[in-house]
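Look at the two complexes coming up: chain A is in both, with chain B in one and chain C in the other.
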Partner chain A sequence: MRAYLEIAVRKFQDKMAYRLDFFMGIVNTAITIVVYLCIYRALYAGASEVDGITYRMVATNFVITLGLSNAFGYNEMFLQDKVHDGSITNEFLKPVSFTLRLLAENVGEGAFKLIFHFLPALLFTLLHTRLCPPKSALHLLAMLGSVALGYLILWLLSFIIQTWSFWLFSVWGIITIKNVLVSILAGTLLPMWFMPAALRRVIACTPFESIYFTPVRIYLGELDGAQLLSGVAVQTAWIAVLGLAAWIFWRRGVKKLVVQGG
Partner chain B sequence: MIVLRNVWKTRGGREVLRDVSFHIAPLESVGIIGLNGAGKTTLLDTITGMLKPDGGFIRINGQERVLGNTGLCRDLVYISGARPQLWEELKVRASFAHCVEMYRVDRRIAESRLAGLVQAFLIGPFLERTPGSLSLGERMRCELAYAFLAAPPIILLDEVTLGLDVSIRDRVLRYLEEYKRQSRSTLLYTSNRLSEVEGLCGRVLMMDAGSIIFDGSVRDMLERVSPLGRMEARVSPAIPDFEDLPLERYCVDGEQITLTYDKRKLDTAQLLRYLMARCEIKDVRLSEPDLEEAVRIIYGGGQGWKQ
Partner chain C sequence: METMIAVEGARKYYRVAKRGKGLTAAVGQLFNRKYEIKKAVDDISFSIKRGEIVGFIGPNGAGKSTTIKMLSGILYPDAGRVEADGFIPYKQRKQYVKNIGVVFGQKSQLNWDLPLIESFELMKFIYRIPREQYEKNLRQFCELLDMESFLGQPVRQLSLGQRMRGDIVAALLHSPELVFLDEPTIGLDVVAKEKIREFIRYMNKERNTTIIFTTHDMQDIEKVCNRLIIIDKGKKIYDGSIEEIKDRYTNVKTIEVLLENGGKETETFDVRRTSVNAVLERIFAERRVKDISVCEPEIDEIIRDIYEGRLRLDAPSAEGGAL
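Presenting the complex of A and B:
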């Protein structure tokens, strides 16, 4: 366990060495927030609420979503690059689980982005925009847990597609499609509240709802008590399903690699 | 304990391992020698699970699967130019820190080990740099330090002195010999230099075209490989009469003489003394069979090279 922690911490420290990346990250995040909030404000056109959803709720949804997707931003071509240049087998010699090590590195990088890109941008946003407060301290805490689960779902989706690079020449296209699907269906661009009812019923059967929307609803208090628990249970169930799929793809890929030589 | 029994491996239609079988006991240090393409690297790749054999059976410490077996991976380290273990994007020092955590080395022991390795391999200036900014030889020194920082029960080194300066190579070999003397790990060492293996390994496996053509002690091999010595000398004024020496053959060309002799009957020092007593030696050169000849000799059943 200590080895994975060490790996995450080193990755975090490594990221700190790049000053320019650090400042550009803050500027980039702040601009994204300002642009989207302007668009939402224009869409509201002075109305205080649309379908019972206030502008502040939409803004809050966007900021939480952005924070999590920010933390998720890492090099999704890592596995493919390693498979292509054959260096993937070298990694198997290290006495740690490759998947957990990858997760640790991504989490370390994500923690860096959250603290040094997202937090400053968030503070900047709070200067000019008022967001909804959490329903209670307990809801805030539950949201943080739910965000971690949402992160795992995103990570597993990405990892599953990355494992396909054992069979496909390039998974870049599929990853791009996945990212577009996530930003549309998980409610990054258009908040889930405004999706057509039929589409929402479909999304409810996919892992997309569990990524950003569940944490947001917990934060706002839309999910409470039994609903909160069932929301988290659905997240956990998706992690189990995706985890199993990831495990199967990973094992098959590794087997193929070792028989053919790497 | 490493056990291989009847291991076969075919790659690209070529048999790269043919019916390889051997046992390596704990703390043994074994040199694997052979020419390019003899199968040395493939052998180590197969032992460490990087390649799956097509036939036969491999056990390390009684376990079959290395890949994904974190416990067994912790018992071994495999250093090869083709399989870097350092993190590409991190400073060497960070990779070492990972190494210490992954191999669960006690921190205080790790610190003193690292200090020793920095001195032995002269890698102090490289610690704050990433492997990408180092030269091939510099990187290899860091990879070697990684191996001996972990110092697991089994260490596999594949042609690690390739690309090292002569003085650094000597340092590395001295470190390895010292490490071997303390016999802390099983050592598998591949090389295409006979001389490196001589000092370092008690036992030699010689490979050719995927087969093991010799498995025995270094002394046995040297006896089989180099019973014949050759001496080239320039002497004056008179060429002595070699009638009373058990020479295999001699050849005289003006001042230049070339003597071929069987070391079991006549040792080199004796021959030199004989010459010095009878004439003035201007120049002398000794030669022994190199690896290529050694492989041929072992194949040919101890024929020895002919002039």
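Presenting the complex of A and C:
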């Protein structure tokens, strides 16, 4: 366990090495949020609410989902590159699990971006836009836990596709499609509230709703009591399902591994 | 002595897609792909005892790296038995890798953006090295390899020689008993090479570490190894000491004569067929000699001739006339 923590900490330090990247990350997150807020302010055109959803709720939704999705990005070509140049084998020469090591690195990077990209961007947003407060301190806490689960779901989706690079020459296209799907279906382009009812029913059967929207609803207090628990239970269930799939693909991929070059 | 590594009839074949030339062939292979079997390692057997330093050499693509990969547990052999340090590497990988160290000269395992020392610290946690042992090893290795001055520098700023030293230390901090070095001196200057060779010798002598390494530099082999295994086209073609290989070919001598008029002439012959007397008499009779030297073939030349098929190792009486 200690080894993985150290790996995450090192990745965190790693990210600090590049100053330009550091500042651009803040600017990038802030701009994304501001652009969306401007669009929706125009759409609301002074109306206090649309379908029972206030502008402030929408703004809160965007700050959370866009901020998190910016922070949760990392190099998804990592495994493919390692498989292609054969250096994946180096990873097997250490007495640590490659999967957990990768997770630790990505979490380290995510933690860095949350603190150094998301938080400054959030403060900047608060200067010009009023957001909804969390329903209670407890809801905020539950939301943070739910964010961690959402991250795991997102990570597993990416990892499953990354393992396909054992069979496919390039998974770049599939990853791009996945990212488009996530940004549409997880509510980073259009808040989940405004989706057509039919589409929402479909999304409710996919892991996408569990990524950002469940934490947002917990934060706002839309999910409370039993509903909150069931929201978290659904997240956990998706982690179990995706985790199993990831495990199977990974095992098979490693078995098939024939090192190129050498 | 105890056996460290036992390989019997190991085999690894790769299936490679066969491609024809031209557009028609390119379209054709979309539908009907033909495969070719490449025998990377073809029925190799050897055994290595604890405390040996064995050099693996062979031309590019001979199967050295594949052999190392099977020995380090990251490749399944298609057939045969591979055992190392009491484990079956590819089956008990997780247990096995705790006690081995591996360096791939062409692929760094260090953390690119962090100071070198951070990568070392990480090894401490990954291998659960006791603090005392870690500090003792680090101090000693740094001294031997002269690394104190750049421990605090990010790896991306290091020279190749510094980085390679870093990679070697990172792989040895946990005091493995079995170490694989795949081209650890590739691309390095003479001084850096010498440092690394000294270090390898030290690890072997003082700690009885079993070391297997591949290289293209015969100096590495001559200065470090006590045993040489030559692999070519997936087969083992030589297994023995360097002296032995030299002895077999020292029957071939080259006499270099510097003439009084400034000219230079060389004469190569096999002492078993032509007597040295006869050659020298002829030279002295025909020329005014200023200086004379007798050279034995360099190990580099011998190896080159073996690779090129001009010398056959299975026949000790082979003629070295090609020299």
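Descriptive notes on the structure:
Just so we're on the same page, the second predicted complex is superposed on the first by the 257 of 262 C-alpha atoms of A that agree within 3 Å, B and C clash if a C-alpha of one lies under 4 Å from a C-alpha of the other, contacts with A are read in each partner's own complex, and residues count from 1 in each chain.
Convention: a residue touches a chain if its C-beta (ideal position, glycine included) is under 8 Å from a C-beta of that chain, and two chains touch if they have at least 3 such contacts.
Computed from a predicted model, the values in this text were never measured in an experiment.
Judged by the touch definition given at the top, the superposed model places A:256 against neither chain B nor chain C.
When the two structures are aligned on the shared chain, A:130 is found in touch with neither chain B nor chain C. Touch criterion not met for A:84: it reaches neither chain B nor chain C. Contacts of A:10 after superposition: both chain B and chain C are touched. Shared interface residues of chain A, touching chain B in one complex and chain C in the other, are 2-3, 6-7, 10, 13-14, 87, 89-90, 92-96, 258-259, 262. Chain C contributes residues 14, 40, 65-66, 69, 72-75, 93-94, 97-98, 100, 102, 104, 107, 109, 111-114, 118, 121-122, 125-128, 154 to its touches with chain A in the complex.
Chain A makes touch with chain B in their complex at residues 2-3, 6-7, 10, 13-14, 87, 89-90, 92-97, 254, 258-259, 261-262. Listed in rising order, the residues of chain B touching chain A in the complex are 11, 48-52, 67-68, 70-71, 73-74, 77-78, 83-85, 89-91, 94, 97-98, 101-104. Across the interface of their complex, chain C is touched by residues 2-3, 6-7, 10, 13-14, 17-18, 85-87, 89-90, 92-96, 258-259, 262 of chain A.
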